[in-house]
Amino acid sequence: MEPLNALVALANFVIVPATAYGAQLALGALGVTLIYGILRFSNFAHGDTMAFGAMVTILLTWWLQAQDVTFGVLPTALLALPAGIAVTALLVLATDRVVYRFYRRQRVAPVILVIVSMGVMFVMNGIVRFVIGVDDQVFADGARFLINARDFRDLTGLDEGLAIRTTQAITLVTAIVVVAALFWFLNRTRTGKSMRAYSDNEDLALLSGIDPERVVAITWIIVAALATIAGVLYGLDKTFKPFTYFQLLLPIFAAAIVGGLGSPVGAIAGGFVIAFSEVTVTYAFKKVLGYLLPDALEPAGLMQLLSTDYKFAVSFAILVIVLLFRPTGLFRGQTS
Amino acid sequence: MSALPAQQTGPGEPFLIGEGMTGGYGAADILHDCTVSVRRGEIAVIVGPNGAGKSTAMKAVFGMLPLRKGRVRIGGTDITGLAPQARVAEGMAFVPQTRNIFGALTVEENLEMGAFLRRDDIHATLEQVYHLFPILRDKRRQAAGELSGGQRQQVAVGRALMTQPQVLMLDEPTAGVSPIVMDELFDRIIEVARTGISILMVEQNARQALQIADRGFVLVQGSNAYTDTGAALLADPEVRRTFLGG
Amino acid sequence: MTFPLRNLLLFVAMLVLILMAGFLQSWNVALSIFNMGVISAVMALGVNMQWGYAGLFNIGVMGFVALGGLGAVVVAMPPVTQAWAAGGARVLLALAVGAAAIAAAIQLWRRLPRGAVRVVALVSVLSAGFFHFRWIFDPAVAAIEAINPAASGYLGGLGLPVLLAWPIGALLAAGAAWIVGKTALGLRADYLAIATLGIAEIIIAVLKNEDWLSRGVKNVIGVPRPVPYEIDLQNDPDFVARAAGLGIDAATASSIAVKLAYAGLFISVVLVLLWLAQTALRSPWGRMMRAIRDNEVAAEAMGKDVKARHLQVFILGSAVCGLAGAMMTTLDGQLTPGTYQPLRFTFLVWVMVIVGGSGNNFGAVLGGFLIWFLWVEVEPLGQWLIVTITSGLPADSVVRLHLLDGAAHMRLLTMGLVLLLVLRFSPRGLLPER
């Protein structure tokens, strides 16, 4: 039973959390990569867009909870999510209208748009802090576990327990549904195809009569949806704190770049690569090795490669390795 | 390809004409009183030495160059003030020299995007394009960027045909393809013209292009140097000596 | 040096703003703003070298500033001899082993032919190096951190004069910039941005977690000063008498005197830097930099080594940021790794450069002062504004209390709006490059 216990421990502490985290990063990176593909700049306000979307959803969740509306075993936040997406979409569309469109018409260099997005980042960050403050906010309700460690032990007779939180399961299911819908949209619908065409060759898209403003608007709406969903899932799974969302920028960009900026498939792969590396490198393997190795060889230390405080270093190291050896990313992204 | 619309131009009149065009990108003019035109169902070719303003003349006709003087008319309607996109709706289709396909999209998606503005059923047109370029039918699920140079040009022309244009404008369609592929492309272009679509194209391979041309325009430094039928230009000793290398 | 009237007026206006703070609030506040304004100006000068001269997009300013701060600790704090005896040598050995492993890996990668063998060799050298490093390193760190953890628990510094820390802090930042530049320069602007953002987060993580080096979140306090202590001045009868002569109490006078002394030091640094930066900008080197920025391809075609020049200016700019960091830690008298936040130490500096006028050194200085002034003053102003607006509401109104709470966050909003407005309506900044 020892190898089985080792596997369960690994699943409990590495595979399950990393899968949920990877799905959250993938959704975030998809938003970044879509903006890059269509509007052709790296959007530094993306982390704060996620925070804004999550904040709106949290406020609505609290309101629903105050009205005694709940979603059974599922978190109430899922009920509030569509409205949260709508509000966030309105915000980013307004931002595009007031801020970005001017520069798009001027056809400025992408780096100017990046600096502009820094300004947007400040404003959004300020709004979020102004409305909800800087503290942790808890808004998860419903059943806490899909299966908890004790039940799992009783069920299987193993020493190790496997706990799967509801939020982790929801994260994965939602991410799969969202990604499937997105790919269906991009590959099967006329509008989706026109977005890919615009991303691929802007001039030819114009010659074909594709309306750039419409493509841009739809992109922002999709990005608002992706950002809000990613933000809410992350908040449900961990906790909502505005500053953490800002810090998510680094792993999200690392995921998008590792996958190849502009490539949606790459963004998903990148998200999971970053998440699994982060969790694996910062996990203390003492327990797992304890099950696998004979007693004499049992490790004395924690067998942790890096302390969890260095998780940024992991995203960064992977990013640098990919940039050095495969600058276009795992899935060839846009080069111009 | 499309049912012929009510003719506003007589049979001998040019269907599309850029007349007396003068203009350039900056302060200096590139075109000087330059005129190019094409009649319905005919092939017109613009040739000339490097830097003669051939592509510029074509872009001016398509509205991609600000004109100080001159007019552009299609079927008798003045379109001088229209943006390129609006000219697409007027029945013009343009195939740029470079970056003329959506490399990341499949061949069929490229064709669909060509028909983006159309709201009717595009399947008949799709069939016509596949009939004209059979290789595209075999490769329709493949990313266009993975095709060979000649096949990519076929995708580019096919995409332009999807709007059911009355005039097809080609900017050096044979640039960078082998002589065999060039011959084949020219054959296809003749076939397109036979369906009633006017063709206006810029060509570097002047001799071969003039052979299929109903009308040729030889430009020098942004002005018309010689204008005649393709055959007459090929026969003109002066043109042969100066532009066709003897 | 020609100095247009407009520039002069803007600087005078800035001075008036600070004087107003002096008259309306207190001279202590005004001098604090001024001193941090000078430090901000130095940071902005550094970023302006990278962005304004060369078009390099560095958003890891925070990391370089923090390294400068570490420089102040390493140079000026007294060494903890017990800790050195417990594990100092071993830590140094571990670091040497780590560096050697990386150097060996780089050599292997260069010498071996492409293929699977090279990859395997690289991975095995690196992992062997890593485990050896940890094997030497971990016990040493445990030993050092066990020595009197409440008061020290770290190696301490070299016990040298703190002014020496300023160039050393700059050197530390330059070293980190060399490593980042070697890997990330030559890649696209977005990639350099993300790489610098990453390295900054890593530097902060190191400062927060490597207690043996920087005491981590326990902070290093009491960094020696280059100027007298307030308490010494207050105990000096001469000083007290002179303060009384001026009609100020000794406590206020002492803190103003200390701040003035800092101001004097800082002003001399910023003047020297400005002179150097202006000289460099107008030299053939500066012209070449701008030529590269404006058209990289053309400059490369003319035989300029674009990558080497970029590396040069990237290191120089980062060193200036490091210098600013060392100055700031000296002013604060403490290194508090937990307080380094990218919005404050990276993006705010960018706002300074853009608002001041990218490419213009005087613009960077003006932007540094102005934005720092706003950063400090927006909060009380916002508070005042909200109190005024909500004065009709009862004192315990929820709305009013929430708004007052939120006033603290007005500064982020304001900075974003200032940046967006300047980018939109005056994209070349207050003092354009010309």
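Think of it as A, B and C in the order they're written, each chain with its own count starting at 1.
The rule is short, and it goes like this: contacts are C-beta pairs under 8 Å (C-beta built on N, C-alpha and C of every residue); 3 or more make two chains touch, one makes a residue touch a chain.
Computed from a prediction, not measured in an experiment: that's the story for all the values here.
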**Prompt:** Measuring centre to centre with C-alpha atoms, which chain is farthest from subunit B?
**Reply:** C
**Item:** Chain ID, smallest distance between chain and overall C-alpha centroids
**Value:** A
**Prompt:** What is the distance, in whole Å, between the centres of subunit A and subunit B, each centre taken as the mean of its C-alpha atoms?
**Reply:** 47
**Prompt:** Any idea how many Å lie between the Cα centroids of subunit A and subunit C?
**Reply:** 30
**Fill in**
Rounded to the nearest Å, the gap between Cα centres of subunit B and subunit C is 59
**Item:** Sites on subunit C at which at least two other chains make contact
**Value:** none
**Item:** In the complex, subunit A residues that touch subunit B
**Value:** 190, 193-194, 196-197, 199-201, 203-210
**Item:** Footprint of subunit C on subunit A - complex, ascending
**Value:** 41-42, 99, 102, 110-112, 114-116, 118-127, 129-131, 133-134, 243, 246-247, 249-250, 253-254, 257, 261, 301, 305, 307, 309-310, 312-313, 315-316, 319-320, 323-324, 327
**Request:** In the complex, go through subunit C and note every residue touching subunit A.
**Result:** 55, 57, 130, 138, 183-184, 187, 189-191, 193-195, 197-199, 201-202, 205, 208-209, 341-343, 347, 350-351, 354, 405-406, 409-417, 419-420, 423-424, 427
**Item:** Interfacial residue positions of subunit B with respect to subunit A in the complex
**Value:** 84-85, 88-89, 94, 96, 99-105, 109, 112-114, 116-117, 159, 163
